[in-house]
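Heads up, there are several structures right after this.
Common to both upcoming complexes is chain A, partnered first by chain B, then by chain C.
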Partner chain A sequence: MPASVAIAGFATTGAMAWYSLRKIEQDDDPRAVIPKASMFTAAFFVASWVNIPVPPVSVHLILNGLMGVILGWYAFPAILIGLFFQAVMFGHGGLTTLGVNATMMGVPAILAYYVFRLRGAPGLRAMGERGSRALTGVFAFLGGALGLGLAALILFVLLIGTVPSSLDGATERAAITGLVIAHIPLAVVEGAFTALVVLYLLRVKPALLEAPLKKRPGEAKLAGGR
Partner chain B sequence: MKLDKYSGLDSPVHRWDPRLKLVGLMALALSFAFVTELWLLPAMLAVSFALCSVARLPFSFLAGRLRYPGIFIFILAVILPFLSGETVLLQLGPLALREEGSLEMLMVVGRFTAIVTIAVVLFGTAPILTNIKAMRALGLPELLADMTLFSYRYIEEIGSDLARMRRAVRLRGFRAVRLNRRNLSVLASLVGSLLVRSYERSERVYQAMVLRGYGQLRSHSHGFQATARDVAALSAVLLVAAGFVAAEVL
Partner chain C sequence: MRRTPARPADTLESGALRSLRVLVPLCLAALIFFGAPRVADAHGVEIEHRSGEAVEVEAAFDNGEIMDDAQVTIYAPDEPSEPWETGSTDEEGRYVFMPDTSIPGTWDVQVREAGHGALVNVDVDEGAVSSEVGQSGGSGYDTLQLVLMGAAGIWGFVGTALFFMRRSS
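== the complex of A and B ==
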């Protein structure tokens, strides 16, 4: 990966991180949310160790779409931190590519969040209990599939556009198309998994889907403020 | 953590102020990312291995850190010489070993090794908590620093939660060998309940933290102090980094 791409990656990641922190600061009490957001960060980091059988191999899910769906704007810092740990503790991914990777996974996660929020659009509300359940599943699927699909697309465009400098244009386009088509099944699996997790949460702990990081009325107030 | 294994050694790199070390070594790693000239490759490797030996990190530790990401690089390294370039060095039936691709491969592998070595020196010579504190002292937003510290604290704990739940699922006879609706939904419930557990745990932790005074204004004195030697070391490393960039551009 050329240095210009690495630096551009750090720049976009810096900008995204700054913007999402600003979005987060708009919440009433960010400090109160830190423990929860961090616990989710750790939980998603661990959850991505679960491997899914896609014969003949088994794959690890990225879960960036799911993170966006559940965490909203907190997904970006969470992904950044997860990737940082991956780079320093397990040596997956490098330190210099951290910026590129965070953008590659974080931006689709934020988009997945907005896609998932569409389920509450005015025209879709009047569908009754069953209908709204189905809608939640559908939009979670779209969010999850979009999260992975977009990340894969960005990755391949970057990889093929930058690494082997002497490939010609037609081969490049063919390779990108091929790789993206090969990832469609994975995006479907990721989307289905996201939908199943969301439906599970809807059944077991709906509070987690309704702005889990917001403080609820009964909760203890921080002494001293921030 | 495995990475902290040698953070307690004593060497000039270990004694270097973590803030300056972070700046210096990150700059060095980025300057390595700039390099595309083949003749700079030996110098790059020499600098990174020299740092590693000054830090007294054993070679086996470094090799262990290189192995896993090395697999991906290896795949690329096997493909590149055959796909890229026009000058054919060797024809093996339908496969042609090409010169440009082979040189690119050398460059990719060499640069990768040098950068990972720098990262290993950076994060292997101080506990990760010290490095996060150093980042905060350098201006990492507090929210990010706090989130990093907290999640680091809980990764292992949640990891053992997951291991326990997986064992429980296996004991009940679950084997995920095929991809079908049922298997996927079992795994989704597994992840879902992991999230619910973490959420509930975070509520308890948060309440306990409030009881202990979390949220009060704290003063952040990081306690790092740079000596003249630390600054000299930083200048030297930055000079080397600038040297690589200059040699590449000129």
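== the complex of A and C ==
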């Protein structure tokens, strides 16, 4: 990978981490979310061990969409920490590419969070309890699937744009395209998994899901204050 | 048998996006042949065979998946920026080449597929390939070590969660 891309990755990751921490700081009690963030970081950390064969290649779970849906802005530092440990302990990903990888997975995670929040949009709230439950599942699926799909798209653009001139470009581009296409079924799997986790939490501990929505008064206060 | 130090791959590693955690244990073994060049000539067909020392590179992703049809680029020590030879691995993820023993030093062999790649070094002495098995990329740990490290990592996260939960209860 060209050094310029690695450096740009670290710059974006640095800026995103700073902005995420600022957002987290505006929370009423940021420390209260840390247990949840830490547990999901553990899940993210081991998710890469779950291989799913998509012939002719095999891909592994990423769960960045799930992280965004459940953790909101906490997802970015959580993903960064998870990737750091994967790189240091298992050589998975690598430290030089940590910035690029964190941006590639973290930014779609934040978008997944905003997609999931759409379930609370005024027009959609009119549905009954049953409807809102189904809607929560649907938006969780969309968040999980879009989070991964977008990460794969960023990977595609980055890889295609940086094929070294020493390689046979056509062969390498075909290999990259094959790898990225293999992530389409994975997006469905991760979307379904995200929906499952969210619906489960909704049943056993809905408070865990409310945290992102609870922030609204704080944000309103912020908007009014500045 | 000794291990050559792993060098970080300088190619883009999507890391988590595929179960090839970045790269690839690349195993390499020097095969040694002895003999004189001979030419067989019959009915206009000309076959030439040359004997010398060859290096075999075997590439797999770190989940064990074979890197078949991956692109191989070889750099000679005298010109580290210009590929000396390019090719691709066979169905078993193998690639064999004969380094020019008149160029001693460290030869770099890079294997790359879909943005994932690793680099392995081959030492060539004056007139001979050093016979050794080297490995690059991957973590180099066995399953037990990986499981223990993973468990330690998970416990770190769970412990963090417990620490912050203590406060609220």
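Keep in mind that, in the parts below, the second predicted complex is superposed on the first by the 166 of 226 C-alpha atoms of A that agree within 3 Å, B and C clash if a C-alpha of one lies under 4 Å from a C-alpha of the other, contacts with A are read in each partner's own complex, and residues count from 1 in each chain.
Keep in mind that, in the parts below, a residue touches a chain if its C-beta (ideal position, glycine included) is under 8 Å from a C-beta of that chain, and two chains touch if they have at least 3 such contacts.
Note that the structure is predicted; figures quoted are calculated from it, not measured.
Undergrad: Look at A:Leu21 in the shared chain and tell me whether it touches chain B only, chain C only, both, or neither; answer first, second, both or neither.
TA: first
Undergrad: Quick check for you: in the superposed arrangement, does A:Met105 touch first (chain B), second (chain C), both or neither?
TA: second
Undergrad: With the two structures laid over each other on chain A, which partner does A:Ile62 touch: chain B (first), chain C (second), both, or neither?
TA: second
Undergrad: Counting only touches as set out at the top, which of chain B and chain C does A:Arg31 meet: first, second, both, neither?
TA: Once the two structures are laid over each other on A, A:Arg31 reaches both partners.
Undergrad: Looking at the overlay, does A:Leu155 come into contact with chain B only (first), chain C only (second), both, or neither?
TA: second
Undergrad: According to the contact criterion defined above, which of chain B and chain C contacts more residues of chain A?
TA: The partner making contact with more of chain A's residues is B.
Undergrad: When the two structures are overlaid on chain A, which partner does A:Leu179 contact: first (chain B), second (chain C), both, or neither?
TA: Once the two structures are laid over each other on A, A:Leu179 reaches chain C alone.
Undergrad: A:Gln86 in the overlay: touching chain B, chain C, both, or neither? Say first, second, both or neither.
TA: It touches chain C, and chain B stays clear.
Undergrad: Would you please give the residues of chain A that touch chain B in one complex and also touch chain C in the other complex?
TA: 1, 31-32, 34-36, 38-39, 41-42, 45-46, 49, 51, 58, 85, 87, 89-96, 164, 166-167
Undergrad: Quick one: which bits of chain B touch chain A in the complex? Just the residue numbers, please.
TA: These residues of chain B touch chain A: 1-3, 26, 29-34, 36, 65-66, 68-69, 76, 80, 83-86, 100-101, 104, 108, 112, 115-116, 118-119, 122-123, 128, 141, 143-144, 146-155, 157-159, 161-162, 166, 176-179, 183-185, 187-196, 198-199, 201-203, 205-207, 209-210, 213-217.
Undergrad: What part of chain A is in contact with chain C in the complex they form?
TA: Touching chain C from chain A are residues 1, 5, 31-32, 34-36, 38-39, 41-42, 45-46, 48-49, 51, 57-60, 62, 83, 85-87, 89-97, 100-101, 104-105, 151-152, 155, 158-159, 162, 164, 166-168, 171-172, 175-176, 178-179, 182-183.
Undergrad: Chain B touches which residues of chain A in the complex?
TA: Per the touch definition, chain A meets chain B at residues 1-3, 6-7, 17, 21, 24-25, 30-32, 34-47, 49-55, 58, 63, 70, 77-78, 80-82, 84-85, 87-96, 163-167, 189, 192-193, 196-197, 200-201, 204-205, 208, 212, 220, 222-226.
Undergrad: Residue numbers of chain C touching chain A in their complex, please.
TA: 6, 8-19, 21-22, 62-63, 65, 69-71, 73, 83, 86, 88, 112-115, 137-141, 146, 149-150, 153-154, 156-158, 160-162, 164-165, 167-168
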